[in-house]
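You will see subunit A twice below: alongside subunit B first, and alongside subunit C after that.
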Partner chain A sequence: MTSSKLSSFQFFSLLFLTRLLTIFTYIPAYTKDILLSDMVLMGALQCVTDILLLLPVYFLFRKSENKSVTEIIAERSPAAAKAAAVIYCAVFLYFTLTTVSRLDLFAGTIVFSETNVNYTLIFAVLSCGYGAYLGIEALGRGAVLMLVLAAATVIFVLATLTDDIDTLNFTPLFYNGAAPFLKTLVKSASRSVELAVIAAAAGEVKDGKTKGCLIWIITSAAAAALIFFFEAGVMGEFTSTQLFPFHSLAAIADFSMFRRLDSIITVVWLLCAFFKTALLFYCAARLLSLHFKRISFNAALAAFSAVSAAGCFYVTGSINRFVILDSSTVKTISIFLCALLIPVTALILQRRKKYA
Partner chain B sequence: MKNRWFTKKVEEITVEDSQKTAESVKISGDLQKDRAYLKQSLGDSFDVKYRSLNVSGREFLFVMLDGMCDNLLITEQIMLPVSKGDFSSFDGDGALSHAADRVSGSIDKSVTRDMETAIAEMLSGNLLMLAEGGGFAVLFGVQYFAKRTPDEPNTESQERGSREGFVESFKDNVAMVRRRVRSPVLKIKTLEVGATSKTRVCVMYMSDRADMKMVDEAVNSIKNAQLDVVLGSGYLQPFLNRNKYSIFSCNATTERPDVFCAKLGEGKIGIIVDGTPDALVVPHLFIESFHSLDDYLKRAYYAAFARVLKIMSFVLSVFLPGFYVAVCTFHQEMIPEAMVFSITSQESKTPLPIVAEALLIHFIYEIVREAGLRIPKSVGNAISIVGALVIGEAAVMAGIVAAPMLIVVGLTAVSSFVVASLYEPVAILRFVFIIVGGIAGLYGIVFGFAAVLVNLASLSSMGVPYTSPLSPTKPGAWRDMIGRESWRQMGRRRMQIDKLKK
Partner chain C sequence: MPKSIITAILALAVLLSIGGNEIYKNDIGNRLIIQGIGIDLEEDNSYTVTVQAINTNAQSASTNETVEDTVKIYKVSGMTVQTAIKRIFEYEGHIPMYSQNRIIVIGKKIAETGIYSVIDFFARDADNGPSVYVAMAKDTAAEILEVTSGGEIVAKNIDLALQASEYEAEIYKPELYEVIREYYSEDSCFALPVLYVNEESGDKKSIRVKETALFCDGKYNSSLTRSETAALNFLCDDVYNGTFAFKTSEGEKVSMNIVESETERKVKLVNGALRFSIKISVTVDVAEIYDGKEKEVDLKRLEELKNGAQDYLKNQAGELTGKLYSENVCDVPGYSRLIYQKYPSFYRENKENLSAVMSESSYSIEVSVKIRRVGHENLEVL
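This part shows the complex of A and B:
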């Protein structure tokens, strides 16, 4: 395992990749209440929800820069910190399962349907576990390299589609009213496991957290808006019939004699999934080893990987289980807990300690 | 009458010797006793030669190792002058000092009071001189042994640049470096490694740019290496490389003195091990595996082209077989139609599944390669014929292997030699990716690639990340990464490896 401190750029590169995966895996069926043009605005406005949800964590880290939320809680109540760590681990497990099951859905329905998903899952869990074992700094360094590849690929694919944008595909904003828009915006924010990761792991970032976080929020919102803009502009209403529209967009793209750019996007997608899952593995294992002294990092990682693998095997292969798992209510509660409730509790405990 | 240099030297060694363990045996000054001790330690080895000389009433004993010393030099510069000298007015120590400093013409000499040190030095090819009543020994550097003349290294051929390569002789190698860097900033620390072999290791660096913490770390790592016999620089690599669980090495090896000097010029630390032409350089960056001296001797644009070519060759050599297996097994839709028909028609005639076929043919290729390395050069052509005709053409004609697979093997083999320094990890990863591609298709390959990427990112040597300056990002060092600046720009600013430390 490399040293546990990483630079702000490395950490937020890692989070950018996880956010990119969230954008890639956006399923239009979940947002059928709003039209595609609203999705572009929603993508852009996600920076507002991110900032709002990160405010408690921001105030928390202003006083205790090098500690995670659970470590701050542990200063007042180790038992509460243990409970918080378990909640975070459960949320990370849940998001691991949704990430892997979406990958399975993607693999089983969209591309490479002949691939044996069980083997893929084994390789995914093994490689992500190995990535987590190497430490967050190694993941961060790898993410910086990957970020260049991912950004170049997405920009290239979008650039090839510039001529295919048809302004007729755009509809007036809030055509179905503002209420469904706001509801979808909240739903969309609930997919941001990165907010929980920041709360749990930002203590491991050396410096420049606030600046890095702001850049991450703005660039990831811009990326979301740009991708949704191209999906709406190029594919129009056809987007809503697609399971994973960005993949369909890449399949349409061509450059000179080069076609099938979706295969490059698939590679980027898988790599983003690797970094996201490995990061969640790492955060969970670290929290467990930090607050349960008898559990070593490696043991926690092995246990978490095994549980994730078992969960993935159970969920994949059944679309009903996937639909139940991918519920927005569960996600909203999870993010509410990890990004708001626990950090606010920690903030209160921090203030009480100050005035005690 | 004692010489001042000798007095100082003897005082120094007296302090050093007093710090040695109680078991160390001191030179007694009684020649009979010292001779007996030497005989007991060295046994009846035929190559140990003893010669007693009585000059003006003073008894001297000379001990040397036949075949390791220059007999002519001994005769002309030591024996002849000493035999003509006058030692009647000296005691034992004085006679030794006088003989060494005034009588003999030798420059390379040292003294010791410790018998074990004296034996070790004598076994390194020094002439040992003792005198009756003398409490120390004088060692003359008269080494001479059969050695190879410097020629161009086979493993690092260059289009331009020097044709000189390191040889097995430690002193010659140091001289080759000195000849290229004629500056007092070039510092050398000499160590001895190996409890039995007592191999000399030379740590070289430039004091005006090397990070002294790095130098100390390298020296301590070598000093703490618990080895009995050291026969090559490869023995020391694991001690300099803390990354136990990686197939990539954070140490560079080179047989070229010019490359070695260039690395020292970047603030790196060079390590020369006696008896081996491979020198080690630490720390080493992953991107440097794609650099060669030719890149700096040709125009910058061509250097960039050559480096891109090398990176692509590395990628091909690692991933091509696995990719081919994955695509043919699971993702046929990714191949253009005409190619699918061609590959299918060929592969359908072979009895083995593609993954087994790929493993088999790559395994055979590795056997042929290994055989080519070990067999005498005179029968090397025979191996080429067996490899090309029997395993290649005949296997295809017999329907055991498909022709596209042979193309893949050929391309992979050629690509893997473009970046020879990474051959070891490439050979292993290739097999891993064939298996992964055959089991989990492209998904497996992508996840495997990610694991390798993070593994590379996790490595560091002497505090310098292996993937630097790409990640951690150090834009200042990008001027010599994939492309390089021209010498006009590069000459202005010095590249220093310690700037890439975390």
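This part shows the complex of A and C:
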């Protein structure tokens, strides 16, 4: 592992890719209480939930810019920092498993529906582990290139569908009331593992964190709203019947003699999954090696890769296991802990230190 | 070990592990590339599936198969569509591959009993693209897909004809995702093109779209002629290009090319009654005027042509609206969605009784035609 600082643009490019994957793998069945236009609004309002959830981290980093949340806690209580690091690691491992399981569901249902993709996924997980081993700066550099490719592909696919939008496909806002909408918005926010990544790894970013973060929040909410807008406008209620609506949208898209642009999207999808998993591995291994001196970064990384590969092998064998793993409640608790509870605790400890 | 070697090893491992040990399934030579699927309902409620597929051996020098064998036709039966299709494997050991399928043809009997008994397979299997066309056979789907026209793949021809119908307003051509989307609407109304077998010179046969079938509650309801289909496309705002011909008040025949069309659909709730307003704006080029030699095209004549086109389109759209929204409402243009969007509370209150509400509503249709060009012939106005 080579420890180095990465630029704000590289870091938030990585986070944009992980958010893009979250949008791609959005499963409408989880948000069946809301209608299509609410889904578009939910995408746009994601920026509000992101800002609210990042406030404690923002105040924390104002005083200790180049440290992670656990490092700030360690200044006051090393034991509490160790506990926080373990929680973060568990959350990163959990989100890695859900990411890889969703990828398996996608690959096994849509890309290679008639073949067994378990072995491919295991090698893919190991590749992600190797990506994390190369360090966050290497991932950041790759993410910038990938961001250009992903943005160009998504914009191209959406542009070809502009004529297919039918305004009759949109639904009235809040038809089922505001309560289901708010509940779904919270559910949607609970998928934002990026908030935990910011808390755990933003200390490695050179400068311009606040500006970069604001741009990331706005662009990722705009991307979500735009993609959901096209899904609702082009496919209408068909969106709700699909496991991965964005893939179906790309399958409908055509341009000149090219039909079924889903194959291009599939490539972007798989690469986004690589960056997300590698980033989560890196954050988990770094935290563990930082707070437990006996555990080296490489050993932690190897352990995470092995556990994730084994976990993925187990979970993907049954759709029941996937549904249990992908629980919104667990995700909500995870994000509540990593984005609110631990940073607020760190903030209190930081203030105490100041006035001590 | 150098990073590049590790990267290469991992990349190779990922690539080579795709598909695991199921090489047989992945070899294109062992796959049956399906081009068209036709489904018919039998007396005993089982399904007969007729499949038109590319013969991958046709180009092989090692076989004796001729050009006529480019397409292969299989007919299989089963309790469900999926069990029937899978039986194709028993013929030559080839595994069906649906991703290249171009059309799904539904037999009339299935259409009359409701097409959703068979559409679930296509919705659930991701290998079937959501943009595959769906059509209804005039009689049986087998009759359509058993046509072999001089070695041509008929399913491909139908697909290309439907694709090209973007330039023909008289053909309605929904894709699979649109049919499934309408199923999830409250009234499940949609339309499908109806395919006929056309006898041509000699033994040659071809497939033609001659009318459009209307479906309500997922079941076949009635049919529209081609000119009525053009009106339906105008009401649905689905006209991109095409032609239409009419007679002016003086009885001369005129044909026009549609360059651009847009339909604005609105609804207003006035004193508890709904008023739908449909504004069709069309830009056209004059393509042909019978007796054109007798009369020069001046400004007055341009006005007459414009008015003639407007009256024609308005009558067509008006007659179709009357047909769709009279006693047995068949809301293929989806105007109930306008109520849903603009007056959600009213929609909620009248959801169970929407057909009656829509049949009692008023529909005003305005058509505005703009003539862009009149062709190469000398224009008097200049």
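Everything below uses one rule, namely that the second predicted complex is superposed on the first by the 351 of 356 C-alpha atoms of A that agree within 3 Å, B and C clash if a C-alpha of one lies under 4 Å from a C-alpha of the other, contacts with A are read in each partner's own complex, and residues count from 1 in each chain.
Here is the rule we go by: a contact is a pair of C-beta atoms (placed from the backbone, for glycine too) under 8 Å apart; a residue touches a chain by one contact, two chains touch by 3 or more.
Note that this is a predicted model, so its numbers are computed, not measured.
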item	value
When subunit B and subunit C are modelled together on subunit A, clash or fit	clash
Which superposed partner A:260 touches (first subunit B, second subunit C, both, neither)	both
Which superposed partner A:271 touches (first subunit B, second subunit C, both, neither)	first
Partner chain(s) touched by A:10 [first = subunit B, second = subunit C, both, neither]	first
Touched partner set for A:141, first subunit B, second subunit C, both or neither	first
Touched partner set for A:171, first subunit B, second subunit C, both or neither	second
Touching partner for A:123 - first (subunit B), second (subunit C), both, neither	both
Steric overlap of subunit B with subunit C in the superposed model, located at which of 205-213, 439-447 or 475-483	439-447
Residues of subunit A at both interfaces, subunit B in one complex, subunit C in the other	112, 114-116, 119-120, 122-124, 126-127, 130, 134, 260
Residues of subunit A touching subunit B in the complex	1-3, 7, 9-10, 107, 112, 114-116, 119-120, 122-124, 126-128, 130-131, 134-135, 137-142, 144-146, 260, 263, 266-267, 270-271, 274-275, 278
Sites on subunit B touched by subunit A in the complex	330-331, 334, 436, 439-444, 446-451, 453-458, 460, 465, 467, 470-473, 502
List of subunit C residues in touch with subunit A within their complex	3, 6-7, 10-11, 13-14, 17-20, 22, 25-26, 95, 123, 125-127, 129-131, 175, 177-178, 180-181, 184-185, 237, 265, 334, 337-338, 340-342, 344
Footprint of subunit C on subunit A - complex, ascending	109-110, 112-120, 122-124, 126-127, 130, 134, 166, 168-172, 175, 235-238, 240-243, 247-248, 251-252, 254, 259-260
